[in-house]
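There are two complexes below, and they share chain A, which is joined by chain B in the first and by chain C in the second.
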Partner chain A sequence: MSEAAVERDRMAAKAAGPSWPRRLAPPLLTLLGVAILARMAVDVGFSPTRLFHGAGRLGQLVGTMVPPSSGGQFLHILSALGETLAMAFVGTLLGALAALPLGILGAKTVVSQPVLHFAFRRVLDLFRGVPALVWALILVSAFGLGPFAGVCALALADIPHLAKLFAEAIENADAKPVEGVRSTGMAPLGVVRFGLLPQVAPVMASQCLFYLESNFRHAAVLGIVGAGGIGFELEERIRVFAFSVVAFIILLYMLSVAALDTASRELRKRLA
Partner chain B sequence: MTLATQARFAAVESFEQERRRILVRHRLQSVVGLILFSLVLAVSLQHSGFLDANIGSDPLARIGVFLGRMTPKLQADALLADRRTAGSLASWFYDLPLWLRAAYQTFEMAALATAIGAAGAVVAGLLCARNLMPFAPVRFVVRRSLEAIRTLPDMILALILVAAFGVGPFAGVLALTVSTVGGLGKLFAEINEQIDPRPLEAIEASGANRARQIRYGVLPQVLPAYASYALIRLEGNLAAAAALGIVGAGGIGLELQRAISYTEFDTYLAILLLMVGMIFAIDIISEQIRHRLIGLGGPR
Partner chain C sequence: MLVLQNVRKCFGDKVAVDDVSLRFEPGEFVGILGRSGAGKSTLLRTINRLTDPTSGSITWGALEITDLRGESLRSWRRRCAMIFQQFNLCPRLDVITNVLVGVVAERPLAPSLLKCFSARDRARAILELEALDMASAALQRAETLSGGQQQRVAIARAMMQEPDVLLADEPVASLDPVNTEAVMDALHQVCRQRNIPVIVNLHSLDIARRYCDRIVAISRGQVVFDDVPQRLTNDALVQIYGGSGKWSRDAAYAMEPAA
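Moving on, here comes the complex of A and B:
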């Protein structure tokens, strides 16, 4: 067959579209996926009656939420909210302080030995799988109920995440300013202070702010397992079905999350 | 001294003054910043009760005792014996079949919530993308609702839904679904806003209706990115689903909570290892798939 004929056949085949099995594959795969999901839905106890029944109850609950009221405990709730914020702040700070040396050790530019680097990174990966709530469960049973366990849990959960981010910030730093400072004959500490720190400090600070935001959310959740703060108040109110107070706490909490996020975004914009 | 030299001196003088002013301002800023920071820190330390927390006489010793209770009592010679022998691996993981079933249930919760939530997020993402939704009020309402969902932690959502739908994994799936719509909806909208408008315009010019425009002009461009974000979300949802069990929403978290309340700390460690292993495995698999997706979706 001539080259032109081969080309013509190829074009004809292309115009006719893909072969039947290829055309059938996507819808069949979709069907299979839907079937698997349906099986899973049955497994987790999904049923239309349950959905309708629960939706009705949810409607009733939301009905009792209006109007939201502080139940005469506005200052108490505000103080609990402040406690959650304080937990988030101290937890983030402790986590960042502990993550700093780990991040330096985890940077490829500092510890260049490949096996050590790999092992170190994998250990951090492993600990990243442990959420703050799980740490909180352990620590609450070790230290007893209260915000102390919550702060430690937040810090412990942040360390592997922040260490990885810090390590990446150090790896991404430009080597030229470091070289330049070193060429002036400065001591190693000076090289870090004037060559590296100005590059990585803003990045690290903005990551810490990011984690402060997320820790404020986590700290609220930790209260549920007994680590104090707004989550504790919320869980108690849900348990006694005081849903107008629940609605009040949730609204107040959402407002303060939005406020913290805005403040942190402004600060990060300045750092960048 | 010539006039030129005088001018040069004056220039140097004014430069020095300017530099000094900038330096003083910078120092002042750092001092004020430092004072503010210490103030916030002091108030936080005081208010969180971190320093004067009543954590017993010797916290380090207590951690030691606790860690000791968490370590399983394994014996080298009986390591591979059956579960009735004290000191064997099987006696440490004594309820492994049950835990594996619970772990699978957690995976089911995460997969369902990610799939349904991603489907909802596709709709929400189309409704609040500036280039696809011409009516500003709709965009505004959808965007604000997604933001409101994102401020609410899924655990708090789960608490309320457990109160309405009863204890069990179903309430957990619902809570995760809602928070997945909130998280992915925003990301999908951002992807939609970054598409190349030319294919869309070409299909519009051919006279196709709105649904076909989206099917042939938008979806082929965004699908790889959607899938990649949904997989990342699946990883997150798996960890969240494991944690949700603690408030009564089923899965492996329930077993974790049970081990803690029976003070079986070595069992706790066993379940924790299982959980972390599962999350780790899913992370690796999803990373592989995501890299392949990006490889396929890159050059177009």
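Moving on, here comes the complex of A and C:
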């Protein structure tokens, strides 16, 4: 058979569409997926009746939330909110300070030895798997209740994340200004100061602000496990069924999260 | 006097600079020609040691450049200023700080790191900028300037280093004709006023002929021509750039063929 004939046959086979096993694969895989989902639903005890009853009770709870009220503790709640903001701020700051040297060491352009770089990055990956909540649970048992454990938990959880982001900011920096500064005979510290820092500092500041936003949200959850702040107040009110105060705290918290996000977004826009 | 003897630079098994021996006299304006990838940039970079040569010797008077380490190497880099095709300024720093970068190597590091420069240094930076007609942009960020303006700032930075040698790696390759002339005039003036060797990588024959006292041509890492521009004949050009030589018939306007 000539080459042209072989090619023609192949085109004809293609035009006839895929073979039977190929056509059957998508519906069979879909069925399998549905079966797995159903089995999971059984495992988590999902049932329409439970959903119905739960929804009813949830409705009652929401009813008791109206109208939201500070319960005469407005200043107390406000100071708890301030404590959460302070936790987020100090936690981010400590995390960023500790992440800075790690980020510099983690940058391929600084530590070019491939084995060291690989090992260092994998260690960071490992610690990135531990969320702030887990750190908080451990640290509350170690340091006792209160915001100190929360601050440490936030900082510890942020370090591997920020170190990776900082390392990538340094790796992505333009090499040309660095070389320009190096060509003037400046010492290595000066090369970093004038060639690298002006490029990476705004990127890093922007990343820190982003983590401040996220930490403010995390800090409330940490409060619930005993690490102080607004989460702690929230958990106490839920425990005594003071749902109108709970609603008040949640609304106030949502407003302050939105305010912080907006302020941080504006700042980050200016840094870019 | 800057002397290169049997300088070689290999990247893996690729030879970028092959056994180059050259002498550069004070006050000489030397153009280096060659196709892209011929080893011009690498040669220049070995002179101020941004790249270390694999073998050979580079000397400035009695000073062996290839042996320098640490402090003494940095001191040589300060004396051997370099201009780059992409200017290599710090885009987010203002122009005057970019110029003052040229003086940091000579000053105590700590105050410089905090951008504390003496009034004298600042005044000198302004004067260097003024000489290049750039003083009015002193407080602007470098990234807001055009290419030609940035290159003039880069020259001002090099002047702050009070160099004994000036290297320029394709300084006008990304500039329009007007800026090309301004930058080449500035480099030429530096050469005459300071009486230092200025070594410029070029890819335009026209510019090389107009400005250079001497032309060195490099092909595959080796020096294939080293003489006054008047001697750069058609035959010599064919040897430098290869090809049939048809493109070089009107040699006054001949440009490097796209590599």
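The rule is simple: the second predicted complex is superposed on the first by the 256 of 272 C-alpha atoms of A that agree within 3 Å, B and C clash if a C-alpha of one lies under 4 Å from a C-alpha of the other, contacts with A are read in each partner's own complex, and residues count from 1 in each chain.
We adopt the following convention: a residue touches a chain if its C-beta (ideal position, glycine included) is under 8 Å from a C-beta of that chain, and two chains touch if they have at least 3 such contacts.
Treat the numbers as computed from the prediction; the structure is a model and nothing was measured.
> According to the stated criteria, A:F89 is in contact with first (chain B), second (chain C), both, or neither; which is it?
The first partner, chain B, only.
> Looking at A:L100 after the superposition, I want to know if it touches chain B, chain C, both of them or none. Which is it: first, second, both, neither?
neither
> Could you look at A:R57 and tell me whether it touches chain B, chain C, both or neither (first, second, both, neither)?
In the superposed model, A:R57 contacts chain B only, not chain C.
> Which partner chains sit in contact with A:P177 here, chain B, chain C, both or neither? Use first/second/both/neither.
It touches chain C, and chain B stays clear.
> When the two structures are overlaid on chain A, which partner does A:F148 contact: first (chain B), second (chain C), both, or neither?
Once the two structures are laid over each other on A, A:F148 reaches chain B alone.
> Going by the contact rule set out at the top, does A:P202 touch chain B (first), chain C (second), both, or neither?
A:P202 sits against chain C, while chain B stays out of touch.
> Kindly classify A:M186 by the partners it touches after superposition: chain B alone (first), chain C alone (second), both, or neither?
second
> In this superposition, which partner touches a larger number of chain A residues, chain B or chain C?
Tallying touched residues of chain A, the top partner is B.
> Which bits of chain A are touching chain C when the two form their complex?
Residues 174, 176-177, 179-187, 189-190, 193-195, 198-199, 202 of chain A touch chain C in their complex.
> Under the touch definition given earlier, write down the residues of chain A that touch chain B in their complex.
Contacts found on chain A: 33, 37, 40-41, 43-46, 50, 54-55, 57-58, 61, 79, 82-83, 85-87, 89-90, 93, 125-126, 129-131, 133-134, 137-138, 141-144, 146-148, 150-151, 217-218, 220-221, 224-225, 228, 231, 234-235, 238, 241, 246, 250, 253-254, 257-258, 261.
> With touch defined as at the start, can you tell me which chain B residues reach chain A in the complex?
40-41, 43-50, 53-56, 59, 62-63, 66, 70, 105, 108-109, 111-112, 115, 147-148, 151-153, 155-156, 159-161, 163-166, 168-173, 239-240, 242-243, 246-247, 250, 256-257, 260, 263, 265, 268, 272, 275-276, 279-280, 283
> If we count contacts the way the header does, which residues on chain C are in touch with chain A in the complex?
48, 50, 74-79, 81-82, 84, 86-93, 97, 101-102, 104-105, 109, 112-113, 154, 157, 161
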